[in-house]
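There's a structure below that I have some questions on.
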Amino acid sequence: MATLPLLDDEAAGPEARAVFDDIRARRNTDYVNNFWRALAHDPALLKSTWERVQEVMAPGELDPLVKELIYVAVSTVNGCSYCVHSHTAAARAKGMTPGQHAELLRVVALASQTNALAHALQVEPDERFKA
Amino acid sequence: MATLPLLDDEAAGPEARAVFDDIRARRNTDYVNNFWRALAHDPALLKSTWERVQEVMAPGELDPLVKELIYVAVSTVNGCSYCVHSHTAAARAKGMTPGQHAELLRVVALASQTNALAHALQVEPDERFKA
Amino acid sequence: MATLPLLDDEAAGPEARAVFDDIRARRNTDYVNNFWRALAHDPALLKSTWERVQEVMAPGELDPLVKELIYVAVSTVNGCSYCVHSHTAAARAKGMTPGQHAELLRVVALASQTNALAHALQVEPDERFKA
Amino acid sequence: MATLPLLDDEAAGPEARAVFDDIRARRNTDYVNNFWRALAHDPALLKSTWERVQEVMAPGELDPLVKELIYVAVSTVNGCSYCVHSHTAAARAKGMTPGQHAELLRVVALASQTNALAHALQVEPDERFKA
Amino acid sequence: MATLPLLDDEAAGPEARAVFDDIRARRNTDYVNNFWRALAHDPALLKSTWERVQEVMAPGELDPLVKELIYVAVSTVNGCSYCVHSHTAAARAKGMTPGQHAELLRVVALASQTNALAHALQVEPDERFKA
Amino acid sequence: MATLPLLDDEAAGPEARAVFDDIRARRNTDYVNNFWRALAHDPALLKSTWERVQEVMAPGELDPLVKELIYVAVSTVNGCSYCVHSHTAAARAKGMTPGQHAELLRVVALASQTNALAHALQVEPDERFKA
């Protein structure tokens, strides 16, 4: 259960519905994810978040799949169940292979382990890491 | 200051020193990072961690730079200062461009934002995300 | 499912039941939340936690609704599903409007984003922030 | 030390410098914080982040001081040293009294404690919390 | 629902099945936990993780129950629902009494509270803590 | 630098000074840690926190050293530099051996790794973990 009811198209106001329509058009599907339906209670935040996702996740110097892998990594460390599910699905849709998924998990697990060790040891960064 | 003194080559036992030598050989440098010098108090953990890093970060279905970007993302979310410094430096050494660094930060910032929103909204994952 | 069974009034000992009664009296309801029923396995911790909540969340220089908003923010970042639900409900009970809820989420999302950027950039605090 | 050098006005490009000027004008000071100088390596992100801060933190249904308190709470839980410093300073500049600061810390400490208990107990949210 | 389907014995390859068999033999049960069945998609990671658990959690200078309590503490702070459940159960299987469980929760709750205060206060470590 | 100045004995009010005196008496030292000197701005919180630490960390069904190890584990995962330093020092003062410290770090590192994997896999807790 969510802290705000999911808004279907009727319940959403015209500004939110316009975002729903854009989601459908860009994703070539009728389906609008629960996240957007909950966010629709704040149509301006819905709009700016959706637009930001389009802009940041677009091809650039990093390709879209690499960006999704980073998104999954962040969501995993934040323990965000919804986001791990949605962005793992998105990574698959963008071509993530089972082998790439396995390697992603290995890196996330390793980094979590050495992060914990560095926190426990409280080692100062080496001078040579300076930008 | 660290919770354990950094061990120089003399203070480190032979098992730790052998790892230091392997670090030097594989990285083609005389320098051994503070993290490994602190970890040297537990030579077996030093050895297994160093070997695991070599294995996980090697080229596979994901290339080594992509793995470093994921490592930086995890370390950022965990707030691990040492690891952000060391793996940002490692990513640069593996060819990360300023533009790629900027895109990495944009994705990490965006994901942190939507993770927070999903936690606040407590939206249930959509059925269609099912594996 | 919880790691400890929820205790109903009969299963709870007299010390826990006294806290349940105080919860009912102060909240003017018969209902005792699951959290308190799980905590009842340690009646002393139940009592001290409940009393601490009453003391800290009482009107002071900050009003109770502002305190609830801060509580929701902390619970969101900690990814605590139970606490996000219970304190969002508590904030509503104390008068939180949909508009205030939306602004709370915007601030939490923005702060999460800039926190991530600051962690990635490892910027030192400015001298002028000194207390 | 930061992972990117702080850019002074000369080193910053014209787009970043325009943001620096806006920061100076709106804050009525010559000083530009380290965070913005590090972020200036990505002028577009600098600009969108600065504008978002202005928009989200402006007076609305919550007053600006309440928003700063929430910002400090989020930054505290995320363990973001830079952000705790800068937003505690900002809260003081917006009128936070020592007594309000003390109450903020009490709520953050209490919520962190009950969040941990709820995670340890894994209690399911009560049906009545449903939105 | 998981991001990868749980593999039963038939679906798992021979390398994963060998780990399942080792789990059964060492635990003297027919049951293999969901975590291992999900991890079986990466048989090498399954094997190395399972072996690492056996090695790290074995009796040493700390007894196995103390190690489980630490495991539960870490899992609680990381908000890992699965791990809190599985390691609370493991601690019970290793003899954790209700009183020890209660004390564990008190320490975790207290530490979470003072951690939050230390983050909010940004106090520098005392010189005398130096290793 | 801290967000509040550390209070020496003169600057602290009589209520805070009484806590300082109790710290000195119980620890048989003249030294009062920075954390308590920063917390002294809220004498009531200082007093209740100090008293809570004495109560929770006292010998019970878990011995004081085990409690310190759990405290270090929680502080490590929360990335609390001050607390990792102070409680690692406290654990040493209570007799933690280098070998116990090493095992603590191994458990914390392992748990962090499997917590990350469980978050990435989103595995549901097994029915048999039910309390």
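Order of writing sets the labels: A, B, C, D, E and F. Residues in every chain begin at 1.
Here is the rule we go by: a residue touches a chain if its C-beta (ideal position, glycine included) is under 8 Å from a C-beta of that chain, and two chains touch if they have at least 3 such contacts.
The UniProt protein names, listed by chain, are A, B, C, D, E, F = Carboxymuconolactone decarboxylase family protein.
Remember, it's a predicted structure, so these values are computed and weren't measured experimentally.
Enquirer: Common contacts of subunit B and subunit E?
Expert: A, C, D, F
Enquirer: Quick check for the class: compute each chain's Cα centroid; which one is farthest from the centroid of subunit F?
Expert: Relative to subunit F, the chain whose C-alpha centre sits farthest away is A.
Enquirer: Between subunit F and subunit E, is it the same set of residue numbers doing the touching on each side, over half shared, or a different set?
Expert: Same: when the shared numbers are divided by all numbers used, the fraction is over half.
Enquirer: Which integer distance in Å separates the CA centroid of subunit C from that of subunit E?
Expert: Chain centres of subunit C and subunit E, defined by C-alpha means, are spaced 26 Å apart.
Enquirer: From the mean C-alpha coordinate of subunit C to that of subunit F, what's the distance rounded to whole Å?
Expert: Once rounded, the distance between the two centres reads 22 Å.
Enquirer: Any chance you could list the residues of subunit D touching two or more other chains?
Expert: 1-4, 49, 74, 76-81, 84-85, 88, 104-106, 108-117, 119-122, 125, 129
Enquirer: Name the graph shape formed by the protein chains and their touching pairs; answer line, ring, star, complete or other.
Expert: Here the contact pattern is complete, since every chain touches every other one.
Enquirer: Residue numbers of subunit C touching subunit B in their complex, please.
Expert: So the residues of subunit C touching subunit B come out as 72, 76-77, 79, 81, 84-85, 88, 104-105, 108-117, 119-122.
Enquirer: Report the residues of subunit F in contact with subunit E in the complex, numbered from low to high.
Expert: Interface residues on the subunit F side: 1-4, 6, 31, 33-35, 38-39, 45, 49, 52-53, 56-57, 60-62, 66-67, 69-71, 73-78, 80-83, 85-89, 97, 99-100, 103-104, 106-108, 110-126, 128-129.
Enquirer: Which of the residues in subunit A come into contact with subunit C in the complex?
Expert: Touch list, subunit A to subunit C: 1, 3-4, 41-42, 45, 49, 74, 78-80.
Enquirer: For the complex, which residues does subunit E have touching subunit C?
Expert: Residues in contact with subunit C: 79, 84-85, 88, 98, 101-102, 105-106, 109, 116.
Enquirer: Subunit E touches which residues of subunit B in the complex?
Expert: The touching residues are 1-5, 125, 129-131.
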